[in-house]
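Each of the next two complexes has chain A plus one other chain: chain B in the first, chain C in the second.
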Partner chain A sequence: MLKSDKGTSAAPLRLGSGLERWAERHLRYLMLAPTVLILLALTIFPSIYMFYAAVHRISPNPDLPWEFIGIGNFARLLSDGQFQVALRNTAIFTIVAVTIEFLLGLGLAMLLDKYIRRLTFLKTVLMIPMMLPPIAVAITWKLIYEPQFGVLNEIMFRLGLPLQAWAGDVNLAMFSIIVADVWQWTPFIFLLMLAGLASLPVEPYEAAALDGASSWRQFWDLTIPFLKPVIAIALLLRVMDALRLFDLVFILTGGGPADRTKVLSLYIYQVAYRFADPGYAAAISLFVLFVTIVLSTWFMKRMRLAE
Partner chain B sequence: MVRKLCLTLAIAASALAISSAAWADITILVPSGSEGDGLRAAAADYAKIKGTKVEAVQAPYANVFEQGANAGATKSGVFDIILMDDPWIPFFAENGHLEDLTPYFKNAGLEGPDNDFLSKSLAICRNPYNTGPYVCLPYVGNAQMFFYDAAKFKETGVESPKTWDDVLKAAKALTEQGGGRYFGYVFRGGQGNPVVADFMPIFWSYGADMFNADRTKVTIDTPEGAAAMKTFMALRDVSPKGVESYNANEVGTALAAGTAASSINWPNWVATFEDPSQSKMVGKISYSPIPAGTKPGSSEIGHWTMGIMSASKNKQEAFDFMIWATSPEQIKISAERGNPPVRASVFTDQELTKQEKFRHYPVLMEAIQASTPRPRHPKWPEIENAFGIELSKAVAGTITPEEALKNAQAAVEQITGLK
Partner chain C sequence: MPMATTIVTRSRTRETVLRLSAYLTIFVALVLTLFPVYWIAANSFKFDIDIFAVPPEWVPRNPTLKHYDEAFIQRPFLRYALNSFLVAVGTTTISVIFGTMAGYALARFSYPWQWRKQISFWILSTRMMPPIVSIIPLYLFFNYFDMLNTKSALIIAYTAFNLPFATWMMKSYFQDLPVELEEAAIVDGDTRWGAFLHVALPLARPGLAATAIFCLIISWNEFLLSLIITLTEQSQTLPIGIAGRVTQYSTYWGEISAAGFMACVPIVIFAFMVQKHLVRGLSLGAVKG
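On to the complex of A and B.
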């Protein structure tokens, strides 16, 4: 008998045997328990609480009870002009920004994959914007767009072009935000597309080349179908992220000028924290959640990702 | 066994000692920037002198309101004192987040704050305004002033601008001379708080106001409001392209860099204008109270005030600290740290006024005495947002000034439930 075996006395074994057997039987649950508890505390409970808040009118005065108003907060959405403006702006931003990011990201990935595959440092450089904290990106672009001292207007001045207000001009403000977002997030699409391109099989292309298929036909009939799952994931993630745009708008324009850049996240923040109306803010958040779920489900079905 | 027990006890005791050292007797929520920095420094002094540990938690401007409102709504008691921008007072007071200071003054054998505080500074600390009980004490004496480049103005024949017409005359000439690189006027046109803050003094100087005297009627869309809007639009036309997104920083930078000749701004910018490392205009910028329209000019008051949170568990300690921090000696130290005072004795203190960096004090004291508070309403943040959207649209030219007034009238009526 080994010396260590002596220490394992029969008595504790007997005492703990029931517990041990129970633990062994339920080990998988025990292992999952911490994660489940954290999820419950940080995701499930707040989500349920948000549903609960959305059907109440909540006063900032803690001595006043929450008043149940059913769908009252949701009905308010129909007549709230600011919400409708924010919804329209969010839709414009999401569609335009994600489309440009996708086209640029795919184009860059094709270019690098085909012609400059060896320039790995270029790939790293292209990744930098994505790595930066959004708040730093927003402040950097604020400096670039600054009408009097910004580098962009300095270039315009030197080229003899008219100076622009960029983030301050009603016609340019949304465009300015889209440019900053495209700068930051095109690398994300690029990265996914590059990974997708690297995993493409070679044989179909060889066969297509033998059959005399042009580069365009190869791209359209082979590359795009092969990349479909990657494209779907990239677009899905970017759309979901674009729907909750906040930092750029908060720093660059504050939703202005003339409400042209007010997006849903900014409006939710204002309603919840500036106007101290968390019930209504919860209702708007649920609306955004609903839109996101519907869009992603439709998109996944359309791209046959769910299969 | 005994040794193990002693060791465990010793570790536990030292851990407890470390934690208790980290616990503060009073916690204050303060904004980032000079106001918060000043109070943090005062808190450190107080700990040394009185032995009471004061923790000053700093947050960006907007987050101070949010954190304070959240602490109040949840009765968390995490903050004992909040350093508030004065337009927030009705929100905090009327939602039960602030302690009525009357019993604390009584316990201290005082009637209330002493008469050395400027009357306008004290008026904003009562809720309802100037008549109700004290719910806070003034700490930083902000009120807008009119900043201008006297030499440039003189070139246009305007010696010292007394009215908005004078300002417009000089600003128009300077902008025309500037060729797109220099402007006669610059203002905060950013949607929301910025544009409202720069419009209100003009609004008041034409005899307009947001509500009637007893706050039973919204009075934005009036002939007085239209006259104010007309001047505001004329000022926009002589301002740089892009003011639609400007906040205090952009305005201050334009003045300090010498690319704009005049603006309304807060007194804490004086330090920047007079600092050679940050300004090309050292000694060149003059200060005056807000110019007159059809009525005498009135600046927007923007004091930082200290109130005790209702959920605080250390209310007496908090009150003692507030009385100490707002005493004449401490307000003078605070002024030396860069925060405008709230006491007449400090404004007229020769030791300070003879220094170049405090040369604006007589003007600032006059500006505070002629100031107006932002409309006192618990829903002010929402009102300001709605008004700010319409002003922003007018500044951007997407609607006419008349439409802006009409829309703002309707929006504020809807928010307040008034007609």
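On to the complex of A and C.
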């Protein structure tokens, strides 16, 4: 922070016109303004507009006027079985996928930290999945899961295990989505945990070792507390991403079979564009937005990320 | 874990076992990480009949460029790739320019009534907004202004998601730069804007490069917004083109493998270019990398 904040406009002699002097004095606002205005236009305006849409019945026929129905669309949420299925699927996916990614990522980071800390190239190779286009990841896994000629069933066959339909199987579809997501995003947790581990102070561990603390105790009493801020960021970003899951489901299962992988994003997409009911889709979107805001605000306030 | 002192008390065999299991884990992780990428590449070079082979052909026996010809010459994947590229460059340019200014303003200036904190928090929270949520109003908005199926519409929509990212990333970089050099420039008669332009900006060049590459990657990979906003060949991006060849009845495996693999190649190159900045970029600058 510049201490001379207020004095800066007085110092320079070069300032010519009054306009320039004005711009210099209000520089902080001028530099911030484009971003704030763009984001206001692209987030606040849609949110208001969506609220407006959510209280109307919007006919697929553009010539018909919007009919005001108050909380009608929101009331529908309560009795909409498909919405509840989508909500439950999103919850299952988010909890299971993020938990696996977190445990795997943290475990791998703990195990490998000492051995690959300097091997930047190797680390970057392990990071490749999370940078790839989700659509490319989805078709890759579609190819692997293919029941007739896919690699996974070949492996099952060689192991003498029963062949499966994977993404096409009612009981395995969600599992298949989760595996693909874990493949893509475990490197992200791994990377953040490695960065966290690299910044741990050495002294407390030396003291703990002198006191005869077991590595297990050191892990719980030192490593976890020190890593807490990094863990918080990693989980926050992953949970936010998991809540908006779309691409993988769109390609791998299309929400099926029997709606087992229909998640909220996909359901909103279907309501808006396949069932041509944007008013109701807006109501569901507002619900998702509400959940996202509550979750992320709680998380960020709790972890003091905004500072 | 830094446990240098505990090693003394540990037997040498235990250390060897740990080391071996770590190397074994690295090996397994590498295989699991790279196999799917290899597999899509391998299939893109196979004739259809070899793609469907049971048991699978682990290495293409009859490599062919047929599917690359199909996708990029006979079908419009080159067009899709060009669209992806143009949209990514447009989005990145806008996001980096405005994001850098905003990031600098948030890193260096103070504002009344704790605005700095509030605005930072609000900008971050817009990043958390699920794209599906803003899609309906954006669609109606672009429809109203007759902008559906245009690259400008995609650039506007993508900017909503890249600008918060660029702002936070650059804010984090500027916060790490010493303010004294800028103060010295001002003392020497430079303006506040001049100090930003001539002193801070050149110092932040690595951060700028990393931010730009991340914005390029995010835009290049984006799917949902493009799926809604574009319906024509002239405006669709690569991921939409690929998804379009996965239909309910048949999937053009060779073609989408070729296009999918080509969509991955620039990303992998970029990933190696930003490897030093990976952590900071992916955690919105919150963790120093």
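One rule holds in what follows: the second predicted complex is superposed on the first by the 264 of 307 C-alpha atoms of A that agree within 3 Å, B and C clash if a C-alpha of one lies under 4 Å from a C-alpha of the other, contacts with A are read in each partner's own complex, and residues count from 1 in each chain.
In this section, contacts are C-beta pairs under 8 Å (C-beta built on N, C-alpha and C of every residue); 3 or more make two chains touch, one makes a residue touch a chain.
Since the structure is predicted, the reported quantities are computational estimates derived from the model, not experimental observations.
By the document's definition of touching, both partners, chain B and chain C, reach A:Q148. Shared-chain residue A:L289: touches chain C; no touch with chain B.
By the document's definition of touching, of the two partners only chain C reaches A:T124; chain B does not. In the superposed model, A:A234 makes contact with chain C only, not with chain B. In the superposed pair of complexes, A:Y273 makes contact with chain B and with chain C alike. Look at A:I224: by the touch rule set out above, it reaches neither chain B nor chain C.
Touching more residues of chain A than its counterpart among chain B and chain C is C. Residues 148-149, 254, 273 of chain A lie at the contact with chain B in one complex and at the contact with chain C in the other.
Contact residues on chain A toward chain B in their complex (touch as defined above): 59-63, 82, 146-149, 163-170, 173, 252-260, 270, 273-276.
Interface residues of chain C facing chain A in the complex, by the touch rule stated above, are 1-6, 9, 19, 21-23, 25-26, 29-30, 32-34, 36-37, 39-40, 43, 51-56, 98-99, 101-102, 104-106, 108-111, 117, 119-126, 128-141, 156-157, 159-160, 163-164, 167, 179, 182-183, 186-187, 189-194, 196, 217, 220-221, 223-224, 227-228, 238-239, 242-243, 246, 248, 251, 253, 256-257, 260-261, 263-264, 267-268, 270-272, 275-276, 278-279, 282-284, 286-289. For chain A in complex with chain C, the touching residues are 1-2, 4-5, 8-9, 11-15, 23-24, 27-29, 31-32, 34-36, 38-39, 42-43, 45-47, 49-50, 53, 108, 110-116, 120-137, 139-144, 148-151, 154, 157, 183, 187-188, 191-192, 194-197, 199-200, 202, 205-206, 209-210, 215, 218-219, 223, 229-230, 233-234, 237, 240, 243-244, 246-247, 250-251, 254, 264-265, 268-269, 272-273, 278, 281-282, 285-286, 288-289, 292-293, 296-297, 300, 305-307.
For chain B in complex with chain A, the residues that touch the partner chain are 62, 65-66, 69-70, 72-75, 91, 94-97, 180, 189-192, 194, 240-246, 250, 253-254, 257, 259, 379, 381-382, 385, 388-389, 392-393, 395-399.
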